[in-house]
Amino acid sequence: MIDFGYTITKDRQLDYDRGDMRYYRLVQSLEPSVDVCMECGSCTATCSAGQFTEFNIRKAHTLIRRGNTESIKAELRKCMFCGKCQLVCPRGVNLRNLILAMNRAIELLG
Amino acid sequence: MKLEGKRLIWNEYQKEIADDNYFYVRSCVRQNFFPAAEKTFLRYMKEFGKNVFENPSHTTCSGIGYHSDIVPIETAMTMVARQFALMTESGYENFVTSCITSFGLYTEILDTWHHFPEIEEKIRVHLRNATGREFVKPKNLAHASDVTFKLRKEISKAGKYRLVNQNTGEPIRVVEHIGCHYSRMFPSKGVGGAEYPYVLVGMIEEWGGEVIDYPERRHCCGFGFRQYLIKANRGYSISASKKKFESMKPYKPELILTNCPGCPMFLDRWQYTISEMEGITYGEKGQGIPVLTYEELAGLILGYDPWDLGLQVHQVPVEPLLDKIGIPYDPERKFLDKDENSIGKPKSPSFLKFY
Amino acid sequence: MENSVIVIGGGISGMTAAGMLALQGLSVTLLEKEKETGGHLARWDRLFPDRRKASEVLDFAREGMKRVNLVTGVTVTDISRQGREFTVVINSPIPNPQSPTPDHETVLKARALLLATGFDLFEARKKEEYGYGIYNNVITSADLEDRFKLKKGILTSEGKIPARIGIVHCVGSRDEKVGNLYCSKVCCVTGVKQAIELKEMLPAAEVFNFYMDLRMFDRHFEELYYEAQQKWNVNFIRGRLSECAENPDGSIIVKTEDTLTGKPFKITVDLLVLLTGFVPAGSTGDIAGMLGLVTGTDGFINSADSHIMNNSTDIPGVFVAGAVKGPISIGEAIADARAAAIQLAIYLNSPTPADD
Amino acid sequence: MIKFNLFVLPFSLGLIYVVYSIVIHYYRWIKSLPAVDKVKLANGLRTPSKVLASLKEIFLEGLIHRKLWKRNPLLGYMHMSFALGWFLLIVMGNLESRIYHGAYINAPYYPIFLKFFIHDRLVLFFEIFTVPAFFRFIMDFLLLFVLSGLGLALIKRKQSQWFGLKRTTNHSFFDRVALSCLWMIFPLRLLAESYTAGYFGGGGGFLTQNLGNLLIKISPGPAESIAYIFWWSYSLALGLFFIMMPYSRYMHIPSELLLIIFRHCGIQPKKWGSSFSDLELHSCSRCGVCIDACQLNFAAGISDIQAIYLIRGQRDQYVPENIAMTCMLCGRCQEACPVGIKVDLLRLIKRREIGSGQVSDFSYLTQSYPGFAEVVYFAGCMSHLTPSIHIAMEGIFREAGVDYLFVDRGGSTCCGRPLMLAGKDKQSNELIEFNKTLIRQTRARLLVTSCPICYKVFREEYNLPIRIQHHSQYILELVREGKIALQSQHRKVVYHDPCDLGRGGNVYDAPRELLRKISDLMPVEKECADALCCGGSLGLMNTTLQKKDEVTRNALQFLLAGNPDILVTACPLCKKTFVKHSKTEVRDIAELVHDAIPGRQIRKIMDPQKAEAAIP
């Protein structure tokens, strides 16, 4: 292999066809209320962890939904689990269990 | 795929192309990239009895600098105005460019002047002050591929070969790649519009090939000016090309046909670079997918000697394609110049089969 | 003659208004360019949000038209106004002509006109990059509704049961590139309705709605969206379709941005449904021209006042109802047509102004 | 002379098996105790007072079933008749057998099947005062006592509400087999003894003799053979029961004895589980009291996750995740458990097993200088969603002239308890350490929090060297010290005990005393230790919002039954949960106190400078 002094960048595109949907299916079975999220972002706005660091629970769960779990594995560790998100969610998504389920899926599926 | 649907669109984007008496302007870079392409254009134009004139005072249109954010638009316009003045002085009114970016820039400037005549006036003053020249705007502006498109039937008729695999009788599967600056900015200025450009499709169909419509057809070849010109950005350039190769791969293309200076260069050379960086090759048997300009292909169809067309400077070997079509060539002469002196043999790549 | 009204357009608005006017004892003639009344409603299988049968609504409207003089298959070629009287010329003889003219034209007289020429569906071919008419598996929402109506199942052009279906919102709406800045209003809920119907028919299929906003403006619409998510597991991707491409197997590659994650998004679908929006009907412009009516920049007719006079026009005796004024749902069209009928009746009953 | 018959074998083998099994269990439980607990046990067993107290409790709880009597007399009697009746049958049977057998050591089966081996002649009425007849009477009486319990048990299957139980346990296979055996033992004994007494024309007491005579008359047949069959059946039932015992809920009988001793020796359950917890698992009698106590059952219709099912699952080495995770951890079942098992802790141990595999990363937290103050106020995450609470608290601090610091004004770092409730104790340590450092830096002498969730974890896990108070306690202290004067608004209020403050923190009186000063406090049906959870619990991991809403609405029915003007609570989460469904105004106790400061409103208007200062 020759080093030309530049590299072929990885595509930023979310390729759903190549997405790994096992995570989301497991999350969905563990916490079905995830389906009704309408992506309003109130969870992220109130997030305790989000006040101290970049942690976007709405986006993180959406990425799992799109089959892109790799990028958020480390992210999900930032959650303090306080439950404020769940209290503000207008669609009644059980967010704490959702985070638990996402972590569980990552634990089980690697 | 419904072809009739495409035809409906192609019908909507008809373009007027002058019949004869062309003022031809060359590209800055093509003579280095694929030196025989423009020569071949002039050759078959002459054979078809067309009058093509070149003015030795012609310079760069400055499009490459303009798109690299080095040359301001007013400077570019004044440069372009000078080219028009050369045309006017030579007594021509049909302007034909060899370069897609030039074509795009000329189109853009003519459109700007159309909407803002005061700018045109200002540029006339600039040109007058700088060179003392005056110009008349061209009556017809076309790209050399438009002109070749117009001649496609004549070429087919006069041609010795067709884009058909002589062993199987199947048409050669061709990917067409249009330069971004051809019709994307002004769809009505390109044959077939921006979404389904017909300029190369028309040639391929006419010459017997089969056009492949693959998902990343619209994607840029990756040149992108600053993406290539700045070495640190070259990763973007090669990634864009790779995206295209990956996308066309399932369709098993046998040829990539282009009409832009940069595209054949990058689609050809990056195949080698990708192979050296990642060990991946495209095309049959690791030989890569040959990339040709429309002039080179027209030359092949017309039976010109492949080595006269400069095909030896292609990174991806063209011999497998020549074999398929049944075009004879002398392997011994591949690396000889016009005086039969050796021009040296390149080193064989690690992965891409070269010879 | 004294109390005659001509309603132009036999869609749901025109039918409803004509029926209402006839009930009030007016002599009503309804002109329709097609062979049948019903307009776009006749193409619908089921209506949002409750998925009741469209034919029921249509039957109701037809029932109300018993006393209406219905003339179908005709085109209005000229309209002129003399005081409080209108002369309408149509291009083909009617069965019982009052004054037949030799060149197959019929002249009708009326005291008032009601324009209910409605809308046309946006020509999806104009969005070339979406490949309608080029890629076999790109269809419009109206095509899908036709298939629902035929009840022959949903198959791809290759005869396969689609495993993944995309539904694209805002095709021809909110898009300056096709000259339509406005929102067509009902496509969002239609997309959600059709997504649910597709899931009902093909439970194993994945359905993706590509939207920019979900404008669930009316009662029960938001609940329908909720149902689509919760019960039917329909996926909603926020991002406008940028371009499509066709795979060798006929499936469609869809490219959008997933604006919710800020990344370009690519997905292969077996069937792509384009939710085509409203554009003013071709005849609206013609008739507006004959009457000298004002249309907005969007081509829809401007009413005299958008709040308090929205069934009247600047021309006395000319009224408008339904989608001729812009995108509108079936329920709203019916209510608007009834309001227009009352406005028109009041106008006919009022004494003639001295200066007119 | 050794009396023996083949039919005693099933019983004897069963007995050997069960004794062996119990010994093994005892040995394991004691052996695997943590070292510190072993020392406690050894010391305890050498302390007569502790041994006596254990014996007393064993007697009261194991035999008399005092707690069940308190709960429902019928239930108490039923359990007592089985436990005490059977116990006395064994004791008396042994004594009786000694009359006929002089040896010091009898074969264990001998007293059990005594009537098979001994056939006294018919006892005359006047002989009742002889020793054998006394035993005959007493044994029959005890048998009748046990049978009366059995009768009640049968009735309970159909009419559990008579026993104060709304819902009975859904038993496992082993439990059903053991239960069937248990129910058969005493009727079979009755039949065996009766047939024998009838056949031999003597040897029975008032019950067995008369019944025997009757049976012989009704079905003369081969009475000896029939009797022999019943003796076999009786022995088989006993033997099978003993063999089933270690695998069924009846293991609770020997387990509970040891548990009582452990407790009296001061052995505590451990956070990550120990053999004490294993012993607790085996001590559950699966009576089903926890099912009734559970709001998820009676308010939301979720009846398969209660403590009993968790414990049974734990014993069987398999607990479905949803059983561990579906629980509000409100502590009501724990409060009601007649065996006193620390159920919530058992559930948390299970959650810790599940949650331990996951990691957290709080490296983004950075300390900043918080400042100094006498009192540090930690509102808690939830209070930021109910700002009226911390606004009221700040008003009170200022009114009392306290030097305070609102340490999480800009947003809280979570106290760590929510993570612990999800079984992520290890992960929560990082948050605890962070907050500890933050609080220590303030050099405050007192930590006041508005959130009972924080309060509980501050007290139990933080090991802070300063006092920790919930704001209800703190405000009461301010009032007592005369730092704030309050004026009752005389509005009818009810008080809702937040789980973590009441059952979790044992704070029941302070808020009530405070409320009496500023309002007319009304009683509610379920309060203090019996108080209901609001339904918003952070302990409940995986239930739908709809189910939670059902719990909330049900709790509100109890709380608002007396039509109060205001529903007062002392927890931001309870407040936020109730507000959704309550038509009655819901307020935090701090808000009510703030309003009861005389002239607060007027001063606000009169003194613009102060009013400005009052705006946080």
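Every chain is named by a letter (A, B, C and D) in the order it is written, and numbering of its residues begins at 1.
Following the convention adopted for this analysis, a residue touches a chain if its C-beta (ideal position, glycine included) is under 8 Å from a C-beta of that chain, and two chains touch if they have at least 3 such contacts.
None of the values given here were measured: they were computed from a predicted structure.
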(message) So, comparing each chain's Cα centre against the centre of all protein Cα atoms, which one is closest?
(response) A
(request) Could you quickly compare A-C and A-B and let me know which has more C-beta contacts? (result) A-C
(request) Quick one: point me to the chain whose Cα centre is farthest from that of subunit D. (result) B
(message) Can you compute the centre-to-centre distance for subunit A and subunit C, using the mean CA position of each chain? Integer Å is fine.
(response) 40
(message) Need the CA-centroid distance for the pair subunit B / subunit D, whole Å please.
(response) 84
(message) For subunit A versus subunit B, what separation do you get between their C-alpha means, in angstrom?
(response) 46
(request) Could you grab the centroid distance between subunit C and subunit D? Build each centroid from C-alpha atoms only and quote it in angstrom. (result) 66
(request) Quick one: which residues in subunit D touch 2 or more of the other chains? (result) none
(message) Going by the touch rule stated at the top, which chains touch which?
(response) A-B, A-C, A-D, B-C
(request) Spell out the part of subunit C that touches subunit B in their complex, as residue ranges. (result) 125, 128-129, 131-136, 243, 245-248, 253
(message) List the residues on subunit A that touch subunit D in their complex, please.
(response) 30-31, 33, 46, 48-49, 51-53, 74, 77-84, 87-88, 92, 94, 96-97, 100, 103-104, 106-107
(message) Using the touch definition from the top, list the residues of subunit B that touch subunit C in their complex.
(response) 1-2, 5-6, 8-9, 193-196, 213-218, 250-251
(message) Which residues of subunit D touch subunit A once you look at their complex with the stated criterion?
(response) 325, 354-355, 357-362, 364-366, 381-382, 384-385, 410-414, 418-419, 422, 424, 431, 536, 538, 541-546, 573, 576
(message) Considering only the defined contacts, which subunit A positions touch subunit C in the complex?
(response) 12-17, 35-39, 58-59, 62-63, 65-66, 68, 91
